[in-house]
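Below, each structure is written out as structure tokens.
Here chain A shows up in two complexes: once beside chain B, once beside chain C.
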Partner chain A sequence: MKIVREAIAGTLESNDVFVRVSPADKGLNIQVQSIVLGQFGAQIEQAARQTAQMLGVQNAVLSLDDRGAIDCTIRARVETALLRGAEVQA
Partner chain B sequence: MMRSMLFVPGNSAGMLLNADVHGADGLILDLEDAVAPGEKDAARRLVQGAVQTLGFPGATLIIRINPLGTPYVEEDIARMVPLKPHLLMPTKVASAEDVTAISTLVAQAEQKTGLPQNTVGLIPLLETAQGIEHALEIARSDPRVKALFLGAEDLSSDLQAVRSKEGAEIAYARGRIVMAARAAGIDVYDTPFTDVNDDDGLQQDAALARALGFTGKAAISPRHVAGINAAFTPSPGEISYAREVLAVIEEGERLGKGAVSLRGKMIDKPIVDRARKVLQTAVLLGLERGAL
Partner chain C sequence: MSKLFPSLEDALRHCGLRDGMTLSFHHHLRNGDGVLNIALAEAARLGIRDLTLQASSLFDVHAPLIDHIKSGVVTGIETNYMSSGIGRAISRGVLKKPVRFRSHGGRADAIDSGRVQIDIAVIAAPAADCMGNANGLHGPAACGSLGYAMPDALHAKHVIVVTDHIVPYPLMPASIEEITVDCVVQVPSIGDPKGIVSGTTQITRDPVALAISRMAAQVIQHSGLLKEGFSFQTGAGGASLAVTQYLRPLMRQLQITGSFGLGGITGYLVDMLQEGYFRTLMDVQCFDLKAVESIRDNPLHQQISATRYASPSAKSTAVNSLDVVVLGATEIDTHFNVNVHTDSNGQIMGGSGGHSDTAAGAKLSMIVAPLFRARLPIVVDQVLCNSTPGHTVDVLVTQRGIAVNPLRADLNQALRDARLPVYPIEELKQMAQRITGTPHTARPRGRVVAEVEYRDGSLLDTIRAVD
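Coming up: the complex of A and B.
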């Protein structure tokens, strides 16, 4: 799946994550900001990477601003942002 | 059995995360009015993840979907049915044909997912004049229909009525929907009380709903859940009286009496039925031990 435009999903509310995706040429570049970066930064990045891989996204920049989201929320928001960025209706 | 059903906005991660901590018997995860048109896709995925991860054990799981005629309803059904909610809540249901159309889409989704037919029930939301006038045919339209739910805000608008706390403008609709549901042998739920800060008003409104025959009532705020649960829970006095009624009846039968009385009042079949219902509810709520 190819990211063709910039897209966003999620909010900056507590327990949510704000995700921004944009097209890229070389691989997945995932940037994470989080209120719990020290404890869960690696898991947040892994959740985002796995979601992108599941959708077949090989090239994209993902920027996540996390406000304490649980794993399923991160995956849902990343998936939404990627599908919007790929202009896939679902 | 649900005394309370709490609305939870489908695109609010925080509210979904905490949905089942307020003591509501049922949760309505909302994909309709609580979600902006541009966020329907996001809400579906968030609800999907929340249900698959959190599961909400102990609560009756209801998902409110967008109305027929919108571009969202088919995707709502296709994505929500595999989550196996107890009930889907179709909105602005106006006729038996609407239920049939929804039920067909649900059946297709069940088949595609490999679920047994009729895994997912329906609780149609009646919130238009047409819906109220067709309440009985809607209630009887499909075996999936397990309950009816009154939506007074949209209904008042459709009626060109002024919405009030006292609810005179929805008195007919309340009576009509209870009558239809009970005639069809299904449950019926009352519209939410919308003033979040008026606890006395909530108590009066919930007590009225119970007195009218509603099974339970919806809440738009977690603050209302405890009050609604209390209003629809049999009081110790009611339970005690119900026990006395059944004891008097048993004693009468043992002695071969045709008619019995309690506290100077003749005990007839409707009173016995009501007493059994009170005790059945008490058993379901864990307030009373015994077989149902």
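Coming up: the complex of A and C.
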């Protein structure tokens, strides 16, 4: 799946994550900001990476502004942002 | 004879302000307080240095304090609570000497017993007369009770009353009596009413908080304490206040009248007083306008001093007669120790206030909190700061289940008999971690920036600097 435009998903509410995706040339670049970076930074990155891989996204910049979302929320928000960025119709 | 001084500068000079002194302040004006800032600015202008601040609490409105620390005007802070804006600066090490945290009761005892010496108490007074009789009932900055200022007024070497509302002598009633007051100063404004009391304190509509408070009310119901003469304290936040909403129908059903509601008083407890659920309110601090009106107009709503509220060395205090207290937590560990001083990164964002006092005094001390908050499980292996020792905490109530302190086998049995969802506290921790994942916890390793003194004067814990 190819990211063709910038897209967003999620909110900055507590327990949610705001995801921004944009096209890129080489590889997955995942940037994570989080209020629980120290406690869950690696797990947040991993959830985002696995979601991109599951959708077959090889090149993209993913930027996450996390407000303490649990894994299923992160996966859902990342998936939505990627589908929007790939202009996939639901 | 006149105690009226034309300016705070004159009053401070009259009281002999000099380097190294201890100045005290109360926090009834909360995040609307203007007096602490005015007084420190005055001291700075006079070139005074090396002051110790003895404040019952500090709020973000006091941010100019940070500059007075940097310039050496203030070199020591002792307080019972510090909101996150000030706490962040302290956690980053702005103050060389560690902050001394106490509880509301512990501070009153330290002052009453002389362990803490106050040179000048600067008392923000919403109403005062020319001889220094003062109360919080009238004037544009009315805040209700002045309970936390009472030990300061009694024991400080000098007392300055600062007001924006002078009334003819004698002011009635006097929360602060003229016998202790050296100087009275009139200023244009002692604070911003918007930051002092909220219009109304709303009960939360958050479904998780409501689930917690419903379960908390069930715990009270089956604790054996909900009977004629029941006494109760709760905080104003989130799930704590909502517990009262579920208590009302239970009390009505049982046809019981409570003896007193205690603590920081909200309009919700005022309603319960007016509707006959409680015989009286004992009020050390008002949280909203309805509480301020009630303490002014209703003789059953009585003001109490910090000493009578919670001093551990008094012959008895209100917390000793308390049946149930509902309290919050940022963390609770598997030994039931509670943290209310720092966030989960170890950064200061609060303080004991009356937390450890009421937990020690009440027959049932209950912590209400969500199983996890912003992905962070409430139950941890070891709290980052021990604010309230586990042996004084009886039960944790979350939306998914209840954990009873093993010291309270009787309560454990009673709640199980009532078929409430009781689990070992470790099980609540695992329940949360199955949803959140396992957090990586790093304890701050910087130098000690604060010491937490327990209500009996012993050192309970220390707080270290974060980056």
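Operating definition for what follows: the second predicted complex is superposed on the first by the 90 of 90 C-alpha atoms of A that agree within 3 Å, B and C clash if a C-alpha of one lies under 4 Å from a C-alpha of the other, contacts with A are read in each partner's own complex, and residues count from 1 in each chain.
Please note the rule applied: a residue touches a chain if its C-beta (ideal position, glycine included) is under 8 Å from a C-beta of that chain, and two chains touch if they have at least 3 such contacts.
All values reported here derive from a predicted model rather than from experimental measurement.
Colleague: Is A:71 touching the first partner chain B, the second partner chain C, both, or neither of them?
Modeller: both
Colleague: Could you look at A:43 and tell me whether it touches chain B, chain C, both or neither (first, second, both, neither)?
Modeller: second
Colleague: Which partner does A:35 contact after superposing on A: first (chain B), second (chain C), both, neither?
Modeller: Only chain C; A:35 stays clear of chain B.
Colleague: Determine, under the contact definition given at the top, whether A:79 touches first (chain B), second (chain C), both, or neither.
Modeller: It touches chain B, and chain C stays clear.
Colleague: Could you look at A:54 and tell me whether it touches chain B, chain C, both or neither (first, second, both, neither)?
Modeller: In the superposition, A:54 contacts neither chain B nor chain C.
Colleague: Check whether A:9 is in contact with chain B, with chain C, with both or with neither, and answer first, second, both or neither.
Modeller: first
Colleague: Decide which partner touches more residues of chain A, taking chain B and chain C as the two options.
Modeller: Touched residues of chain A are more numerous for B.
Colleague: Determine where on chain A the residues touched by chain B overlap those touched by chain C, and list them.
Modeller: Of chain A, residues 14-15, 69-71 contact chain B in one complex and chain C in the other.
Colleague: Touching chain A in the complex: which residues of chain C?
Modeller: Chain C residues touching chain A: 344-345, 373-376, 435-437, 439-442.
Colleague: Quick one: in the complex, what on chain A touches chain C?
Modeller: On the chain A side, the touching residues are 14-15, 35-36, 38-40, 42-43, 67-71.
Colleague: Would you mind writing out the residues of chain A in touch with chain B in their complex?
Modeller: Checking each residue of chain A against chain B gives 9-11, 13-17, 69-73, 75-77, 79-80, 83-84, 89-90.
Colleague: Over in the complex, which chain B residues touch chain A? Could you list them?
Modeller: Contact set of chain B toward chain A: 12-14, 17, 41-42, 45-46, 48-50, 52-54, 75.
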